[in-house]
Every structure is written in structure tokens, then in C-alpha cells.
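Below: a set of structures, written as C-alpha cells.
There are two complexes below, and they share chain A, which is joined by chain B in the first and by chain C in the second.
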Partner chain A sequence: MEQNLTKKKKSAFKLTDTLILVIALLALCIFFTAINKSFFSYDNISILLKNMVITGILALGLTPLMIARGLDISFGASISFTGVFMAFLYDKGLPLLLVLIIGVILATLIGLLNGWLIETFELIPIILTLGMLSILSALGYVISGAKSLSMLTDPLYYFATRTFLKIPISIFLLIIFIIIYWFILTFTKVGRIIYLIGANPKAAMLSGIKVKNVRIYLYTFMGSVAGIASIVLIAMTGVGNPLAGTKMALPVLSAVVLGGISLAGGAGSVWGTIVGVLIVSVIFNGLSVINVPSYFIQMFQGIALILIVSLYEIRNKRAARR
Partner chain B sequence: MNNEKNNFILQMKHISKNFPGVKALDDVSFDLKKGEILGLLGENGAGKSTLIKILSGDYSLEEGEIYINGEKKIFNNPSESLKAGIRVIYQELNTFEALTVTENIFAGELIKNKFGIVNWSKMTKKAKEIINNLGSNINPNEYMENLSVGGKQLIEIAKAIRKKATILVMDEPTSALSEKDVLNLYSVIKKLKSEGVSIIYITHRIEEIFEVTDRVVVLRDSKKVGEVLTQNTNKSELVNMIVGRKLSEQYKKQDIKKGKIIFEVKNLSYLDKVKNVSFEAREGEIVAFFGLLGSGTHTLFSVLFGDKKKTSGEIFIEGKKIEISHPFKAKLNKIGYIPYDRKEEGVALSLSIKQNITATNLEEIGKGFVLDKKIEDQHAKKWFDKLKIKAPSLNTLLNSLSGGNQQKVVVAKWLERNSRIILMSEPTRGIDIGSKAEIYEIAEDLCKQGAVVLIVSGELPEILSISDRVIVMKDGKISGEFITEKTSQEELMHCATA
Partner chain C sequence: MTKNSISKNSMDFFQKINIFKVNSISPSLIIVLVVMYSIFGGVNHDFFSVQNFKGIIAGLSVYGFMAVGLTFVVLTGNFDVSIGSILGISAVIIGKLFNINGGNIPIPIIILAGLAVGAAVGALNGFLVTVVGINSVITTLGTLAVFRGLSFLYAADPSLINNKTYITLGRGFIAHTIPYTFIYLLIVFVIAYLVLRFTKFGRDTYQSGSNPNAARLAGISVKKIQFFAFVIAGVTSAMSAVIMTSQAAFAQGEFGYGFEFTILTIVVLGGISLSGGRGTLIGVAISLLIINSISNGLTMISIPINWREAFNGIILIAAILIDSIRVRKRELLKA
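And then the complex of A and B:
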């Protein structure tokens, strides 16, 4: 009896944590709709969701990596670089499918390089991936001559514009990602290993888990996710743009952190991340709908990120003191 | 009231504290006189730490009252407790390793001249004065990281004195000290007492109670169960108060049949920390490794488990040469490891009991890559019951368990893996008497089933009561090997120091 009680208490507590975020999300939606009814129109919601796809899959890719105490901020630059590279190859006449495969492989190798360097030389992830970000941005400029390269194809256009049951097709890609990541983190041994590493890397290593290898896989996989995000971006914009990824780090990291993943690792879940992505997307979209200038939106995003991190930190301190 | 005011520097009255689902303290009262050394005894989880954290302002006071010099106080945070002259020296020392001794002693309150510039010469002189007064000659300009654990502890005490602490709380101060440092500590404590400082001395080691304290308060199951003058009590009375049941004073080792040699190490070296170590161990044998801090015993175990890569030498299991390049390899070869630092290396505090237990053996928790939670429950439950881990359920998080129960979880990780060569680094460090005896029993059980248990321990009574053989190390080399039955504390100590 007592066992059941403590168990229930714990799960209830967890629920309220995500619940607060869901309530915040609903409050935001009501707020924006109150100011401008068109926020809740089919057109706007479908734009909102479509814009959420890229942020969403990147945030999902970061989720296991950050739970295992890794971090990658180079994904934006990787998206720009592989995007430009794919457009460049397509322009040279390579078949579309081959171009896309090369793009994903390239991004995957970038992820592998990130992971290998960080784990082999025990580097601080944010510094290494900052360096990688800088290198990839420069390479993107070199290949493109600092211009957007167009890459209009029927299949990608179809993917970006068609709907199924009035739902944009690209949303299904995000849903597939959600299911895969949720399944891996909740039900598989790999998922458990990720949480074990996040909770205490040294103890995980001394339990015979190959911590470094697992993390290298996670960085590599994050690379692949960036490659896929790059394809989605080309589909939506029709160009490989050397600047496309530069502004992605902020909303993605905000979403992940908002969803409850701490930079200290060990905590977080797919659902938290998804709610985080929703909130970030709603704020961005909602502020646009009520005609807030874009530079202010960027400022709000920055403020929101700092606020979130501070609130979590205050809460953790409180919990520790109690 | 007035009468008490003169006698007691500290009174804690009717203190109770509740955590979700647990009563951590139940109506505990005690008091402390000026210049008195009060021993606080109890098993892990008995409530000692909670009591101290209330005194230090880390936990808020829910029920009860605290009086300092007869004056009622409420500590909302640690700095208010510090202001009242209370200073806690924790088991894990909070020193700034990269700073000098002087900087540590004056941390946060450097002496400055009227222009706001730090007056180093005055500060160094004062630091030296305080250190010398404690009977030590540590150089105030030495960097903290170069001091021994005992030295670091002395500097923490010096810092407390500098801050004019009138009540000093020491939480298991000897748990990481060599015997020489322990003797130093005792003399420092006596010196402080003569200067009127009151000390609350928390320990698991009953012998220490008789060395330093004037009076003892014993806690059990969140309640105060006894309070006696040290001179009026004896060891067995205290043990009975602590565990609440009769426990033979010393653990009696059973005679277990020894089999063939299954573990063999030849000329193993690691940098200059472990030099040319060779030994062998038989089925059913418990071999203890003894040495002072820096003797290489802990490093040896890290190397044997693949946490550190050996620089040369060979390891054989059942005659077969094996390469242990990573703990993963050690695990495959049925080697298990209970690390010295439980919280940093042994357990994932934010995860549950079952998640910790199965961490070593995920391969067998379900087919393929999917985790089978039913099988996981079965596996974890087996050890949960067998090792009598005290917790509400398998899903209880490790950070709410006592040290003894956490250690059982670490042991369970390797039982779950069916390990045959178990390396235990100070397996009973900081755990209560009851759990200690249980850990010894587990070690014996393993031996009965043909396993080998290797133990690094700094406690000679422990080594003498549980091992078959003792290997003594000094400066990374084996300096002697003894049959436990035919040796003594004095002989082992001599071998480790001479």
C-alpha cells in the first residue's frame, strides 16, 4: 500500500511539470487569438506547424544527445553547408536521389567528426561545435559564392506543399520522428543507456558501458538529422542558402531547454521537447501574427531562453534545499 | 532558563522533520556545553545528517526549537547559522584545490589595507599563526592540492577557527585519513576543547567515541535512543543502542574451502603509481589489500578493472591471458568493481534502484534492443529481496537511500552480472554497522559459490576479521604478504609504513 502511494506521488509530480508547460502553451494560444483572431485560422495553424517541422526534428535529434551530456550547436551551419552543397551538385546535373543521399552522408560525417573529436580529446562540446560552426559557415560561402543556389524539384515541392487529410505532408515526417525518438528513449536498451550516461557518466562507464562510443553515435546521428533538416529546408524554400541555418540554434536550443533538458544532463523526455518546440513556435508565429517586428521577436526569444534557464535553476536549487 | 543560559552553548529541543513518506527526525532533543565534545552515533539513515543540516541552516526547521547561549534562534539559511558561530566540516571537504593554504583560510574575507589592496604578508602571518596553534607546520603558501587529506582537513578546521567558530560539527572526519593523520586530528580536537570550542563529533567508528568524546548521543530510526557519559559506557552497550539488537561485536569469518587459482596478475605496472605488482587468488578466497594513502592500492584496482590502462604486465583468468582495455572488457571476463567513491562512481543518484541494478546487464533484460520491463523487475527484485535493500520500492531513487543501501545497490549490480572476481574498494566506507555486516556476509556468500573477493581497506580491524590473506602495498609496490590468521595490526602497519 505504502509502495503504491509513493509511486503515485512521483508520477503525479512529473505530470504537473509537463502540465505547467501545456497550460502555458494553451494560455499563449488564447492570448494570441484574443489579439488577432486569424492566429487560430486553418491557414495560420498549418503555417505554424510547417515551420515547426525543422525546429522539431532538430530538437528531437538534440534530445538524446543532451540527456547524455553532449551538446551540438553546429547543426545550423551544417544545414547551410550541406544545403548549398546539395544545390551545387544538383546544378551540376547529378540525379536528385543521389544528391540527397550525398547530402545526408555528408552531414552524418560532420556529426561523426564532431563526436570523434569531442570524445577522443575530451573537448568541451560547445567550444568544439562552435569551431565547427565557423568552419562550415565559411565553406558554405566558398561553395556558393555567398549567394543562394536554387534547387527546385518536383518531388521536394510536392513534399513541401501537398496535404493529406488537410494536414501538410511534412508534418507526418515530424510525427514519424516523434514516434521513433519516443520509442527509442522509452522502450529500448539504448534509451536506458542514454539516461544512465546522463545521470552519471563515470558510474555508467564503470558499469561496463562504452560511454564514449555511445556519445560518438549520438553526435553522428545528430549529424544525420541535420542532413534531413537541410533537405526539408530546401524543399520549403527551393534554395540552398549559406545563411539559412544561422538563426536555427536559438529556437532549437530554447525549445529543448524549455522542455526540461538540463545542460547538466540526465533529465528530459521526448514529450517535454515537443511541448517546448510547440511553445517556441507559437511564440514566434503569434508575435508575427500580431505584427511585432522580427528583430523584436528575436529579442523576445533571447529573453525567453534566459528566463527559462533561470526558472529551472531556481527550481532545482529549491528542490535541493528542501 | 537563566541557569541553562550559563551551562549550554547549544540546545536543540524536540526537533522533528518530515520528508515525503519518511519521518527523518522524531522529537530529538540534545544539548551541548561549552568546551564539550559530544559524540553523535547512529546507523546511516538514523537521522544524524538531517539533524546537522537543520543546525547548519541547510534544512528549514519545521518542529522544535534551537537555542544558542540560551537565546532562541531560527536559521533560514546557512549564513545565519555561520553567523551564530556554527561551522560544519563535512566528510567531503570543500576546499579550493588550486589556491594556497592562506587563500583557503581567508576565502571570501581577505585582509585588505585602506586602499582595498590585499595585505598578503599580514594574511600569511596570521594563517601561519593559526596553523601552528593547531600543532601543525603546514606552509601557508603551499597549494591545497599538494596536501594530504589530513592536511586539507586541518586547513578547514583552521578556517573555522579563523571565523571564530564556537560550535564545530565534524561529520565522519576520519573516514579518509591515515592512522597518523587520525592521531593528529585527535590532538587538534583536544586542543580546541581546551580553548573552549564545543564539538559535535559524528562517526560510525565506536572506538573513536572513546578516544575523543565526553558524552554520546545515539540516534536510531529517527529517534534519540540513548545519551550517556562516555566514561560510563562501553563498546557493547553502544553497539546495542545503535543497532537495537544484539550483534556479535566482531564479525566472525567462516571457513570456506579454497579451490584452484583463478585470478593471476604478473608484473603489473601503471605509470609510477603501481610498480611490478604480482599476485594470485584462489576460488573462495578473500584477499585484502592494505596501504596508506598514495600506496597505490586504489589505483591497482582501477587498473585491474580497466578504468586506467596498464603500462605493462599481464592478467590471467583461469590460466587464460586477458586484455582489459575498458571496464566493458572486465565485465565480460566476469570481473565486478565496487568503486571507492560511491556517489561519484558507483551509482546514478537520479535514477531508480532497478535502473541502477540492471545497468551492468542490459543485454539480458529482454531480447534484441527492446527493454523488457517485466524481466527488469524480476531481475532487480531478486537482489532487492536477497540483499534486503531498505526502500519503499524498486522505483525509489538512489538519492533518497542511505549510504549502506546505496552500497548494496552497487553490490547488486555485479551480482546481477554473475561476477566471479569482485574488486571492492573500501566497500564499507561511511556505511552503518548493520550494512557493514551484511556486506561481509555477501562477500562470504560469493566465496562459497567459488568467487574471489579482493578488498582494498584502510581499516585494519576490518581486514583482520574478513580476509584470508593480506597484501600490503607501499609506494606502488607490494611490500609484504601475510596470512591473516598469523598476523597483527601492528605487523601490517609496520609493513605499510617502514
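And then the complex of A and C:
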């Protein structure tokens, strides 16, 4: 009976955690609509959702990695680099499909390299991926000669612009990602292993899980996700831009952390991440709709990050005191 | 037995005055520096010219101050990625203060105001990390965005500084050879070295980084130490802002953009362990010289600009690989 009660309490607690975020999200939406009605128009919402695709799939890729106490901040540079590389190859006359496959493989290899170096030498992930970030963005400059390379193709254009049932096609990619990640993290053994590694790596190791290998897989997977994001970006912009990924780290990391993932690992969920992504995208889009200069947007993202994470920490402390 | 203990004592004494300790990273850094200099000098003889060295030494201080500040933070086991933004916001405020009130505000007050801004942002970081309890990377990532945004907003266009005395502070030379800025840097390094090595605060810094729990049980207020480390990082970044505005003779919101990366490379390469509590400023000083000479040397041997950033990344990764191997060796020795 008592066990049942505590269980109930726990689930109620969890519910409020995401609920607060959803309420914050609704409040933001109402706020922006009140200032400018066009925020809630079909056009704007579809732009918002389209812009959300890249942030969304990157945040999803980062979710299991950060649950297992890993971290990758080189994905922005990886996107720029693979984007430029694909545009370069396409310009040389390779068939589109081959180019895209090479791009994803390249990004996957970058992820593998990250994971291998971090796990074999026990490096601090943020520092190694910071170094990788600088190497990759430099390579992007070298290949492109520091300018954007155009890569306009019909299939990618189709993917970026067509709609199905009035919903942009690219949204379906995000939905597929959400379903896959949600399914794996909640219903499979792999998902439980990932949570266990994050909650207690030593216990995971003692219970026979190859912690390092699992993390290397997760880094590799994050690499592939970055490769796919790079393709989506090329589809939307039509260029491989060596600067494209530089400003992605903050929104994606903010989204993931807002969604309740802590750097200490073990906590977080796909739905939390999605709500986090929505909040970040709504802030970005809403502020653009009401014509706020872009410096402000960056500022607000920073403030939102600090505020919400402070709330989490304060709540955690209170919970610990009880 | 006695003989043994005597020799041990003398060894201890020797170790105390010997800045190149057995397990120090400094000797290998010096070898790297020598090899690098011989490559650069071999390819382009102008690298060894007095003029070039004057340039390298004059450019040391902006990175140097920040490296000292970050050293304190990393020693306590935290990160600060907002130091570049702190530089930006203090530079912008210094630039604005020179342009209001007809430029009549005395220079010391302006400098103090700049330093106060740095200290305030550092204190904010420290507050969020120690009192609220957010992870330092997340905290400073947030403040990075906030203050970079603020400084862009406040000074998207450069504000010029026309004060001759102020400009001499950063551009002046003693006897046409030694830049003033090098003297400031030397003073800051010596003070920080002495503080870390011979004061209670310094010992507490190392202690709270290497084993926070033990430190707390030993009666050290770990949070206080961490808080002050962030404040120190803020103040040193503001000092870099002073030097940078005085050398450039203008201030802009872009100042310090991306510096956190270079500074982190310097600190890590200098042997300050990222797990906290290990490393000395001697290593940081040598690695500062290495990093500054690299950008200069790569220009001298005409490496295209697009490749240069890659070198910094490669060096950072090499540095942390060496750090990891050293840590492992130490653990093997312990076992």
C-alpha cells in the first residue's frame, strides 16, 4: 500500500516536471500571439516547425548520449564540414545518392573517432569535442576556400518545400526520429542499459555491460545524426556553408538541458527533449516575428537556459532536503 | 637510516626550489618550444628578428591574464567558457565610458569600472555554480550567450578611444624593447604563482580541486574558494579587456569572441589537469609562449589562414591526450 503511494507520488512528480515546461511553452506562445497575431498563422507555424527539424534531430541524437554521461559539442562543425564536403563532391559531378551516402558515412566516422578517443584515453568529452570542433571547422574552410558552395538538386528541394496534408515533409523525418528514439529508450533493453550507465557506470560495468563500447556506439550514432542533419540543412538552404553549424551548439544544448537532461547523466527523456526543442524554437521564432534584433535572441536563449536549469537545481535541492 | 632521511630532506628542499620537478610537464613543453622555434626560424630567418619577438611578447598579455584566471577556476575543478564574453562586455563598457561626459572621466576610474564589471560577471558565475548549484559548463555557456548578446547590442559599432595616456598603457615600450604589457603580465604571473604556492588560499584551491569532500571535511569552505576562483577569472578577463582596448584604441562587441577556446588550450597544454587540483603556473607560462608563437610562426612560414585554426585543435587534442597518459602513469605508480 505504502509502496504504491510512493510510486504514485513519484509519477506525479515526474508529470509536473514536464508539465512546467509545457506550461512555459504555452505561456510563451500566448505571449507572442498577443504581441503579434501573425505568430499563430499557418505560414509562421510551418516555418517554426521546419526550423525545428534540425535542432530536433540533433537534440534527439544527443539525448541518449547525455543520458549515458557523454557529451558532443562538435556536431555543429561536423555539419558544416560534411555539408561543404558533399557540395564539393556534387560539384565534381558525383551522383547525388552517392554524395549523400558518403556524407553520412563521413559524419559517422567523425563520431566514431570522437567516441574512440574519449573512451580509450578517458578524456573529458567537452574538451575533446571542442578540439574536434576547431579542426573540423578549419577543414571546412580549407575545402570550400571559406565560401559557400551551392548544391541545388531537385530531390532535396522537393524534400524541403513540399507538403503532405499541409504538413511540411521534413517534419515527418523528425517524427520518425522521435518515434525511433522514444521506442528504443523506453521499451528496449538497449534503452535500459543506457539509463543504467548514466545512473551508475560502475554498477553497469559490474553487471557485465561493456560501458565503453556502448558509449562509443552512441558517439558514432550521434555522428550519423549530424550527417543527416547536414543533408537536411543543405536541402533547406541549397548551399554547403562552412559557417552553417557554428551557432547550433547553444540552441541544441539548451534544448536538451531544458528538457531535463543533466550533465551528471542518468536522467532525461525523449519527450522532455522535444518540449525543450519546442521552447527554444518558439523563443527564436517568436522573437524574430516581433522583430527583435538577433543579439537579443541569443541573450534570451542564454537567460532561459540559466533560469530553467536554476529552477531544476533548486527543486532538486528541496527534494534532497526532504 | 639517518643518512637516508637526510638525503630525503635535501631532496625535498631541492624539490621545493626546483620549478622543473620530476613529474612536471615543463621540461617537455620547453622541448616542444625549442623544436618549434627551430622549425619556424629555419624556414624563415625573420622569425628570430628582434622586431618579431617584440611582437610576440607584446601580444602575450591579453591571453596571459585570462589564462591565469582560468587556471584558478580549472584548479578548483570547474570550467569557465564565458571569459571571452566577459572580455567583450568590459571592453564595451570601457569604450563607452571614454565617450560619455566629453571624455573627462579619469582613466583609473574607467579601468576600475571595467574591472568591476568583470568581477561582477565572475561573481554571477560563481553564485550560479556554488549557491544555485548548476554545472559550471552549462552556467558559463548561458552567461557566454547573455553577455556576448549584451555587448553586441550595446556596441555593434566600434567606439573609438582617443586618450593618448590610455593608449600608451598598452602600446608603450620601456627603452624601445620591453613592452609595458609584458611587465604587467610578469607581475600578475608572479603574484598568482606566489598566491597559489605560499598562501592558505592557494593550498585550499588545490585541495578543493583534487578532493572536494576531503577538503570540506578538513574545514575548507570549498564553495567560497570556487566562488572566488570565478571572480578572479572575471577580473583577469577584464584586465585583458583593458589591454586590448588600449592596444586597439577602440572597443567593439566582438572583442574576445572565441577566446575561451585558445585560453583553454593554453591552460590544458600547461599541465593544469582538467580533473582539478593539479598543475602549476610555470607550465601555463611556457604553453602561453608556445600558443602565441604558433600563430605568429604559422604566419611567418606562410601557412594559409584557413589551416591555422586546425593547428589549435590538433594541439588541444594532443595536450589532453598527454594529460590523460600522464594521469594514467601516475595511477600506475600509485598502484
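Here is the rule we go by: the second predicted complex is superposed on the first by the 319 of 322 C-alpha atoms of A that agree within 3 Å, B and C clash if a C-alpha of one lies under 4 Å from a C-alpha of the other, contacts with A are read in each partner's own complex, and residues count from 1 in each chain.
Basically, contacts are C-beta pairs under 8 Å (C-beta built on N, C-alpha and C of every residue); 3 or more make two chains touch, one makes a residue touch a chain.
In this text the structure is predicted, and so the values were computed from the model without any measurement.
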Per the contact definition in the header, classify A:S41: touching chain B only (first), chain C only (second), both, or neither. neither
With the two complexes superposed on chain A, say which partner A:A264 touches: chain B (first), chain C (second), both, or neither. second
Could you tell me if A:E313 is touching chain B, chain C, both of them or neither one (first, second, both, neither)? second
Can A:L128 be said to touch chain B (first), chain C (second), both, or neither? second
Between chain B and chain C, whom does A:Y295 touch in the aligned arrangement: first, second, both, or neither? second
Partner contacting more residues of chain A (chain B vs chain C): C
With both complexes overlaid on chain A, does A:S207 touch chain B (first), chain C (second), both or neither? first
What is the contact status of A:L117 with respect to chain B (first) and chain C (second): first, second, both, or neither? second
Interfacial residue positions of chain A with respect to chain C in the complex: 117, 121-124, 126-128, 130-139, 141-142, 145-146, 250, 253-254, 257, 262-264, 293, 295-299, 301-303, 305-306, 309-310, 313-314, 316-317
Which bits of chain C are touching chain A when the two form their complex? 79, 128, 132-135, 137-139, 141-146, 148-150, 152-153, 156, 253, 261, 264-265, 268, 274-275, 304, 306-310, 312-314, 316-317, 320-321, 324-325, 327-328
Give every residue of chain A touching chain B within the complex, in rising order. 2-3, 5-7, 9-10, 187-193, 195-196, 199-200, 202-210, 266-267, 321-322
If you look only at chain B, which of its residues touch chain A in the complex? 20-21, 58-60, 305, 307, 326-328, 330-332, 337, 339, 344-351, 355, 358-360, 362-363, 365-366, 369-371, 392-393, 395-396, 413
